[in-house]
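Mind having a look at this structure? Questions to follow.
Chain naming follows the written order as A, B, C, D and E, and within any one chain the residues start at number 1.
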Amino acid sequence: MLKIENIDAYYGFIHALKDFSINIEEGKIVTLLGANGAGKTSTLKVISGLLNPVKGSVTFNGENLLIYPPEKIVSMGIIQSPEGRQIFPQFTVEENLKAGAYTRKDKENIAKTLDKVYDYFPRLKERKKQYAGTLSGGEQQMLAIGRALMAKPKLLLLDEPSLGLAPLIVRDIFRIIEEINKEGTTILLVEQNAYQALSIADYGYILETGKVVSEGSAKELLGNSDIKKAYLGGN
Amino acid sequence: MAIFFQNIMAGLETGSLYALAALGLVLIFRTSDVINFAQGEMAMFSTFVAFTLFDGLGLSYPLAVIGALIFALLFGFIVERIFIRPASDASLVSKMIITLGLIMIIGGLASAIFGIDSYYFRQAISADSIDAAGVVVQPNALFIIAITLVIMAGLFYMINKTKVGIAIRATAQNEKTARLMGIPVFKVYSMSWIIATILGAIAGILMAPTTNVSTTMMAEVHLKSFIAAVLGGFGSFHGPVIGGLIIGILDNLVGMYISLTWKTVIVYGLLIVTLIVKPTGIFGKTHRKKV
Amino acid sequence: MTMINTVVIYSIAALGFNILLGYAGQISLGHAAFMGLGAYVSAYITNTLPDMGGLEYILGILLAGIVPLAIGLILGLIALRLEGHYLAIATLGFGVTIQQVFKEWTGFTNGFSGMNAKAINLFGISLRSRESFYIFSLVILVLLSIFSYNLIRSKIGRGLIAMRDSEHAAQAMGISLFKYKLIAFSLSAFYAGIAGGLYIHLIRFVEPNQWGVELSLNLLAMVVIGGLASILGSVLGAAFITVIPEILKEIPLIGEIRNFSMILTGVALILVIMFIPHGLSRITYKIKPLVKKTRRNKKLEDQEVV
Amino acid sequence: DGESEDTSSEGSTEVELAQGITEDSIKIGTVAVQSGALSFIGAPYVAGMESYFKTINEDGGVNGRKIELIKKDDEFKPDKSVQAVESLIFDEEVFAIVGHLGTPGVVASQEIVKEEGIPSVYFGSGAVSLTKAGENFFPVQPNYLYEGKLMSKFAVEEFDAKNIVIMYQNDDVGNDGLDGFKDGLKELGEDSRLKAEVAFGGADTDFTVPIQKAKEQEPDLIILYGLSTGTAGILKGMENLGMTDVDTLTTYSNADASFLAVAAPGAPNAINNLHVMGWLEVTEESLQPLNDAMAKHFPDTPINAYTMAGWVAGETFVAGLEKAGDKLSWDGYIEAMNGLNYTDGLAAEISYSEGVREGVTQMSVSKVSESDGTYIFEQMTDFMEFK
Amino acid sequence: MNILTVKDLSISFGGLKAVDSLSFEVKQNSIYGLIGPNGAGKTTVFNCISRFYTPDEGEIIFRNDTKEHNLLEYKTYQVIEKGLVRTFQNVELVKTMTVLDNILIGLHSKTKGNIFTEGLRLPGVKKEEERVKDKVMKIIEFLGLTGLENHLAASQPYGIQKLIELGRTLVSEPKLIILDEPAAGMNHSETEELAKLIKRIRDELNITILLVEHDMSLVMEVCEKICVINFGKKIAEGSPLEIQENIEVQKAYLGGEEA
């Protein structure tokens, strides 16, 4: 569905992605793992059109994504829950969610998706009139994920969705990810919580300083002792 | 008593004009955080176009006005496209400087094209004034007040009840994230400049009978419209309108009952005091960054 | 020569303004008032005091800085409550108010008729000639530049920058916003006042209309065009805003077309912002060997907010 | 350095020529606002002056020398004005400065002009200090203080007004006019006729308050001391508030047809009672040369009081030149001017003698009159002085 | 001895009671954990202690050596002078400054100098600058950031930024630091490193630590005592073991068997 081939991307002088390739098959959950600064977020930025690689190609169902601005890419069905939440602080919770559905035309179904998001995160429903900027860290994280879900995307990009969430909610999050994946959404998941990510993913890539150093099915990776040591710890 | 109400009436009329000018300012500010210092200059230019269509080409008043509004549409689009968008990398103060540059360019072009003379431009409605218990009421003034309220309501509806409104407000808060939600932020910028320029043109055309059509016609209105916007609060559309009306009325009452020569000091002093008490304007909401 | 002298004077004002905008991240659209205040104070003092051999001029210029400094504290207090655009307009209102006071307080300013002042005469050395005045004001500029350079690379400078970038962190680290906003505003008012004090003894005439919004906006433009948070930038910006229009007026034939220099100055201003967004003083950084392609992202990445 | 001339000795026929003078040209300079908000004053003013010089040049110049005018734009700012004057004296090395416009700039550069001794003829300024500035200063147009004074005389003697209200523009122009008017009444011993002083802003957008304040006094004469925009605004406001039958008298700054074109449509009734001061003899005939020259050289520039002022600046300077003949040193020119009594121009009479630099002191009052839709001023009184 | 005593602390926003009569005490030289579900009020408690918020009710007493300070009497920027510093849930660094300068800001209240001595660069200033820089270099070394001191803070990876922020608090030689989710965004091995570091801070620098964290592996490993809050109220307090076994905590926060 999405193919990144041999891209190089820079921030000024910083070479963030080096001859980088990944492939995401339709209907799968693919996860990107790696230490801080490995290039996970940069990969998502490239897909969303926020970072332009200097070489290589990015295609979505065969179509070249590099020529499109971010907003066009969203309307093609790729949405991201970005790093650092980036909620709209002066919107209420509900307005944030509505902004997530901006590109959708099917008005009636938006209400349905909204109900579903409130189902997933009852806290958001309780606070739907609260200004998002005053939410707690974890509440904002829920909102960022919920907002991405509102777009009903074909491909959902999640950047560290469990960040700042309480253990109970983390468990819910992974359950929700699996659930929407079953309903047909393809997912690219960036996580620090490698163990949990691999337990729900189909396929995984391990990144180090802008390069893919290892890849394989989630099962393989979980079984790999090197990876276990480096990313999964004692779990 | 009639004198008092006469002052209120006149204050409402001028205040409405401040408000109209302020609405354009606020719209641009709310989408892109830019203070457009050239708003007054752009309004002046559009007014000259209206006047030239009316006086030079002999079009009827409504046609001339419509022509000027169409011009304003293109004008706003072009300014945003040529001057503002290429500088989208620049910081906000830099964008403010761009609008300062625009003042020079537009002001300079206006006097090169239209000359430096002043011209009389008729009122929108030239019916005879009505005497209401000693207070002279001009139909034209009522028209101005009404138009301001209608535009305010329209903008309020657009921004709070429509999808476009969501797009505008989201863009204002975080352009990058707005794009990540699929909001075409550049269209939003373009649109807000267009609407703001049209609003400025309306304010200018309605202002013209009082200040005459000249390159400096909007100087005072423009300054007052800033104050109106800040006094009422940049965060809403009714705020600037009420801010404009307050300034219009206050100016007159202070001038009438306190001092004509010190009125500017007093009115601006009140503005500053109001802001200290209510830092985001009378109707502004405070959005503090959470720690 | 007068032009070079005015560049030096505006550089001093811009320098102070840069402390405020560039380092402390606070905006003001009313700083012309401080410059005017400085001019009036020095004119008033040197006209009133008896001949003290030159001391009266030193006193005049010093007080031209100190009186605005005290008034600057008021702006600092306003800034404690206001942010961004609200601060900008409130200070704009403040500037208009002070200008109005210049007009009406005839006992001090002689109102619209304006006020004359004498040329500086320091212990027998007359600064009547433009050249000697130039040396004198240049010395003051250099001294004040060194002062602000020292300041910004030590504790107070770090405090100001911290406040600019994160008020929360600054407070948690023991930086009193109250104190630092007052410092930033009063210091910049001091610089503006000194500039005004020098101005009056160069031009020897002052009247209220000079100290309006236009000059305040010009100060802002100087600092931004020259480069925020840069001492050299303040000087370059002052030179740009002062000299460019005059050069343009001198272009044969086209310089004669009405308002042509004004239009071109506007264009020049915009071009600088577009192509050297971080200011003239950082012109060299612009010549980066790296890929031009990153434009689209840069736009999204560094959204500087002042 | 400007001290290149010096009248050697009285007896010699050969005079050392001052800077800026060649066999066939005379270089002079002017400083006026040409760009920005106030260019509506400076542009017609300079055009008027320049069209006069062009006319003279077309007729062969003055004694075979063509006049070359260097124009400097000071944007109405004193520092730029000083800069411009310096540049004219030292870089351009002009023979004289003609028609320096704008009080701030004129006052600020007064010292340097005095120091250098360069002749400076005609000031677009009402600054009173110019009459005492020095022998090389030749003010022409009446200053506002004087005009105000003279207005009081007309108010008392011609209008015989009992209840006078003065509405003045709250800036240097209006305040001078106000002060002069009050001085005049005092000197005439008629202070009690002034019932109220009401300020208005030249850029105001609402004149309701000042007009109501005036109305309260039930005046029989309103002195309107302000520039065109504000004054037109007041007239329109008076029309709107039904104050259409009071006599009004305004300054010579508004004594032109273009003012009427702006003010009349919005105040079709009030305008009929408007009177204006004048120091120029503006008849169709006297304006003919100006109109012709402007039509030829500056067809797009309005002809108004400023244009006429510029024209007079040119006339005055050239009158001195002609009188000086070939004695074109600075002293020679000043000497020639000292005996000047010029009556052929737009102004009734311009004269100087040693130590006397009063400029024009004769003024008259004109009244608006309408003939099929167009308004003009018609002279109503004789030229008078305040004495 | 208790270095920090929070007594009956309450604060509400609009109708929402974010912290509700909460009391707890932190022992000197201990590592104390404050945990609870999202929106339980943890950050709000921190904001009250560091004086960004003023509570509606309650007391916050901080004991530095022998002196007792009622923190509510002080302004935000005065808290650090008493010996208490915090980090932020969303890293708050001065983006345009180098690592070194960022940490120097932590020493702000302990740097001598005023506008005149600094502007004129009187003799003492240079010495003082050297003194504080030495101190910062020591902290940089302690954190293992040597070599990065002249790099721009903003271009560092998230984990490093968190360390810089930590360094900024340590350099002021506080008695108590409060850390809001120090491990967020870190992977497992980084979190382990962090745990070691936190212990070293306590042991080598004698600094008491109060922390909020959702990463249970870190909390359970380093904390001696943990307080669990929900809806602004304390629901449990005790050793890591006691907390893990507490049924109510499992239900509200940990989520059953999975920890």
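Following the convention adopted for this analysis, a residue touches a chain if its C-beta (ideal position, glycine included) is under 8 Å from a C-beta of that chain, and two chains touch if they have at least 3 such contacts.
Fair warning: this is a prediction, and the values are worked out from it, not measured in the lab.
Peer 1: Chain by chain, through touching neighbours only, how many steps does the shortest route from chain D to chain E take?
Peer 2: Counted as steps through touching chains, the separation is 2.
Peer 1: With contacts defined as at the top, give the pair, C-D or B-C, that has more of them.
Peer 2: Contact tally favours B-C.
Peer 1: Let me check something: if the centre of a chain is the mean of its CA atoms, which chain is farthest from chain A?
Peer 2: In terms of C-alpha centroids, the chain at the greatest distance from chain A is D.
Peer 1: State the chain with the largest centre-to-centre distance from chain B, centres being mean CA positions.
Peer 2: Checked the centroid distances; the maximum from chain B is E.
Peer 1: Could you grab the centroid distance between chain B and chain D? Build each centroid from C-alpha atoms only and quote it in angstrom.
Peer 2: So the centroids are 37 Å from each other.
Peer 1: Could you grab the centroid distance between chain A and chain B? Build each centroid from C-alpha atoms only and quote it in angstrom.
Peer 2: Chain A and chain B have C-alpha centres separated by 43 Å.
Peer 1: For chain B and chain E, let me know how many angstrom lie between their CA-based centres, rounded off.
Peer 2: From the centre of chain B to the centre of chain E is 48 Å.
Peer 1: Return the distance between the CA-based centres of chain A and chain E, expressed in whole Å.
Peer 2: One centre to the other, that is 30 Å.
Peer 1: Using the touch rule from the top of the page, what residues of chain B touch 2 or more other chains?
Peer 2: As it turns out, chain B has residues touching two or more other chains at 107-108, 111, 116, 176, 179, 261, 264, 289, 291.
Peer 1: Going by the touch rule set out above, which residues of chain C reach two or more other chains?
Peer 2: 168, 258-259, 262, 300
Peer 1: Where in chain E do residues touch two or more other chains at once?
Peer 2: Residue numbers touching two or more other chains: 43, 52, 88-89.
Peer 1: Under the touch definition given earlier, write down the residues of chain D that touch chain B in their complex.
Peer 2: Of all residues in chain D, those touching chain B are 35-37, 39-40, 43-44, 170, 198-201, 203-206, 208-210, 212-213, 216, 228-229, 232-233, 236, 240-242, 258, 261-266, 300-302.
Peer 1: Under the touch definition given earlier, write down the residues of chain C that touch chain B in their complex.
Peer 2: 21, 27, 77-78, 81-83, 85-86, 88-90, 92-94, 96-97, 100-101, 104, 168, 213, 217, 220-221, 224-225, 228, 257-260, 262-263, 265-270, 273-274, 277, 295, 298-300, 302-306
Peer 1: Mind pulling up the chain C residues that touch chain E in the complex?
Peer 2: Within the complex, chain C touches chain E at residues 147-148, 150-151, 154-159, 161-162, 165-166, 168-177, 183, 187.
Peer 1: So in the complex, the part of chain B that touches chain C is made up of which residues?
Peer 2: By the definition above, chain B touches chain C via 29, 33, 35, 37, 83, 86-98, 100-105, 107-109, 111-112, 116, 175-176, 179, 223, 226-227, 229-230, 234, 261-262, 264-265, 268-269, 271-272, 275-276, 279-281, 284, 289, 291.
Peer 1: Mind pulling up the chain E residues that touch chain C in the complex?
Peer 2: Spelled out, the residues of chain E in touch with chain C are 50, 52, 75-81, 85-86, 88, 92-97, 101, 104-106, 108-109, 111, 113-115, 118-121, 125, 129, 168, 172.
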